[in-house]
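Each chain gets a letter, A, B and C, in the order it is written, and its residues are counted from 1.
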Amino acid sequence: MNPLLKEIRHNPLLWLLVFVPVVFVVHKLKPEAHTLVFVLSVLAIVPLAAMLSHATESVAAKTGDAVGGLLNATLGNLTELVIALAALRAGQYTLVKSSIAGAIVTNTLFMLGASFLLGGLKHHTQEYNRVSARLQAGLLFLATVALLVPSAVSHADATETTAFLQKLSVGLSVLLIIAYGLGLVFSLKTHREIFGSTAHDEGEEAPWPMGLALGTLAGVTVLVALVSEVFVESVQGAALQLGMTQAFVGFIVVALVGGAAEMASAFSGARKNRLDLSVGIALGSAAQIALFVAPVLVLLSYVMGPTPMSLQFWPGAVVMMLIATMTASLVTNSGRSAWFVGVLVLMVYLIFAMTLYLLPPRVQ
Amino acid sequence: MNPLLKEIRHNPLLWLLVFVPVVFVVHKLKPEAHTLVFVLSVLAIVPLAAMLSHATESVAAKTGDAVGGLLNATLGNLTELVIALAALRAGQYTLVKSSIAGAIVTNTLFMLGASFLLGGLKHHTQEYNRVSARLQAGLLFLATVALLVPSAVSHADATETTAFLQKLSVGLSVLLIIAYGLGLVFSLKTHREIFGSTAHDEGEEAPWPMGLALGTLAGVTVLVALVSEVFVESVQGAALQLGMTQAFVGFIVVALVGGAAEMASAFSGARKNRLDLSVGIALGSAAQIALFVAPVLVLLSYVMGPTPMSLQFWPGAVVMMLIATMTASLVTNSGRSAWFVGVLVLMVYLIFAMTLYLLPPRVQ
Amino acid sequence: MNPLLKEIRHNPLLWLLVFVPVVFVVHKLKPEAHTLVFVLSVLAIVPLAAMLSHATESVAAKTGDAVGGLLNATLGNLTELVIALAALRAGQYTLVKSSIAGAIVTNTLFMLGASFLLGGLKHHTQEYNRVSARLQAGLLFLATVALLVPSAVSHADATETTAFLQKLSVGLSVLLIIAYGLGLVFSLKTHREIFGSTAHDEGEEAPWPMGLALGTLAGVTVLVALVSEVFVESVQGAALQLGMTQAFVGFIVVALVGGAAEMASAFSGARKNRLDLSVGIALGSAAQIALFVAPVLVLLSYVMGPTPMSLQFWPGAVVMMLIATMTASLVTNSGRSAWFVGVLVLMVYLIFAMTLYLLPPRVQ
């Protein structure tokens, strides 16, 4: 257990682990203190997400490029998946969907924009591999189309539409997972030479030994699941007490919490002029949520949820995902960046956050 | 008649010509067997379309670059035009419009995507002249705007809107035809040097002598017109009997039938690493339908149809054409391709096809 | 006063100054002759706008690059601002908004398209600095998102939505002005070397002495304000008498009048193969109106208008601005131009103009 303890001592983020037991105690003693429990569970999830991410990378580092890449690509958003599963089992489909849409938008705009800005404040202009950015933007575009078409096409009366949307959602989910899988084959196998420059960028932190990594992966996943349940239970009450709309909480707060660990890596990469790493994490993570996490949740809702969940999103969420994807396409087209590009992307995110914050409750 | 018979003997596609007489006989004897007549007329149109396309190319090859290009650009979608005219005369404007929209979407996504995929499975990466692809994508974008604006702008009460839409449709049709004509002047005359690489790609099959080509052109057009009438008559009944929505039939089936001959050329070009040819056929054909066939049909509806036809499409069709155009723009931007680009484009098409297939009838 | 008189003698456009006194006299004597007053005020504004533009450039030329660029960027659309202020004080918010949207669309499509066409008719192909075009297109995209989101997100009942839209409009206005300011810092200060080639393009006309320039700036602004009031008063009556919809007048006529002086510069630059100048004026002016004039008007409506004005536009206007922005992005992506690119852009503008001209009055 030496490397784990050593890492905790050197990484102040992990000191937040102390909130993991605290949140369970407080939730037991004061279940009605929604805001307190909400804040504590946020503070507890952040270090767990960081450990999950490090453990995944350690396993990936040991298993060689292809398997490792696959592992990273499947488990990279384990935190988001576990939080969403907790909400799914509770039947809170609005929260599930707004956290999916929020994670896509937050990764595409906030993580990407802040990386450009932070990197640009230190370096005059930065360059990155735009082929890789284009692949991720293309996958995101595909996912956005899959989410857009059901809403655009169905205007009919409710009864027929529900059955239609269920069947369509299952079909689209299968398509998206296939596209994601083929994308992995393309980037990890047949054409991996063109996705070159990020390859050796990971090896910065010393990987943990295999046993420790696997143990951490299992143990921390269980902890995240338990904290997530408390989190999902408290989020609605906390939103009410804090005067925030539920859309804002799902879209912005949950997404920032779930992605905190990845953001730390992306921002640190940008400061070190390794923008390939930042762009890869931001867009790769968004694509993974759109093409893997979201469809898996739809399919799992048939097994775990009270009723099947569809892929249809609230129109405002579809518009935001579409704009986020277009922004990413426009901005990554040149493969170059400066601080103002980051400002532009962050401004789009601020427009969304402001709109959701001010939105009257009934409109969601 | 030697070269014609020789070609029929060597090209298995043309053996389907045997269905041309069969469809007339069956339609006479069993007019209520809609599905049978529908399938037979599809089988009869495919070889006729192939002959029409070869005859047009033969005439074009004999008349020199400028006139030849013009001929190809005007008669290249003769099959689609003749089918649509049959539907127009029967007053089936929903079928006319969904076959136009379907042809645009099918050429832009299915023909382009399958070319990229088939070419990419054989060649690691492929390059093509992106200037030409950009011109076609630009023309397609213009046409999509022309189809989008009437729907976006008009929400008013029915009586005023109808008159407004009729006048607007005529005006837009004239604009689109002018834009198409100027595009030909640009690509065949003033700037033809930048559209270079497709120039000598056509000469693969030996052209027919002029007399044979012109005779075939005239005779086969008449045959296509006759079969199309049977096809249009049977399509609705067949859709009902096969359990397919009318939107699916118009969008997908008719478009695949009408474009079968061009698809054969595009796919064969892609396999031979002549992607310029494939991209040119796919996007050029889509642009031609959007900027020439569609407006000509609107103008002809004043002469041949029971009432004037407008350029306003069902909102779902406009969304699909818009997404198809954006996909083509994004994908052809780099001038390079690999198999996964084809997968992405085909997936967008599959999303549309799946949505239309599952669509409850009333929604169309 | 010598240089001023000399310029008036040599510049036929300035001979129109004679209409300035005429419009006041006619408006006094025949206030009900709306069409006459409207035409006269248009003829009077055009030369005043040209003088305003020259005076601003003269002041800018004397004050050095950074301050001069700032002045140009703030006062460059003084005419549009003064006209809009007159409409704002009269409480004509529909006219204010349609003139803002119209100015954005007209600058992006008509000024850019006509520059490409006029330049392309004289020069086979032309090149320009696409980095600068991308910055302006990025800013325009941001502004379009800011105008799109309020409309896309709000579908609720009227009372709650109004308060929500007011708060959101103020917030978005502040964001847009900040983005515009940071864009100036980026292009005039931290990264000005990449916006190079337009730098020495201005010095064509001899700048006026400082005193004359400042005096002209002050005096002509007052004149424009006075004529604008007459213009705003007469525009509705004139539209009725001429049979034009109000949307057409606001979008097309006011925008062409307000931008006449800039168009003269942009077109002359294109003919002289200095397309950087033309693209910079067209997109820079559109971005300035979207990110500076529009939000300033929203904020000023709290001080000067009868009620606060929101940033929410009629959906058709949002669609047009979105399409105009997408067209500019697509077209300036390559940094090269030929005459047909201009035709494509102008066609999009013609589609809008035709739609607005034919629009039945109630639909606006």
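Everything below uses one rule, namely that a contact is a pair of C-beta atoms (placed from the backbone, for glycine too) under 8 Å apart; a residue touches a chain by one contact, two chains touch by 3 or more.
Given the structure is predicted, the values throughout are model-derived calculations rather than measurements.
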Angle of the rotation mapping chain B onto its copy chain C, from a C-alpha fit, rounded to a multiple of 5 degrees, please. 120
Do the two copies chain A and chain B share over half of their interface residue numbers, or under half; same or different? different
Chain A to chain B, mean C-alpha position gap in Å, rounds to 41
So which stretches of chain B touch two or more other chains? 333
Touching residues of chain B toward chain A in the complex: what are they? 124-125, 315-316, 319-320, 323, 326-327, 330-331, 333-334, 338-341, 343-344, 347-348, 350-352, 354-355, 358-360, 362-363
Chain A - residues contacting chain B, complex: 134-135, 138-139, 141-142, 145-146, 148-150, 152-157, 160-161, 163-164, 167-168, 171-172, 175, 178-179, 182-183, 186, 190-191, 329, 333
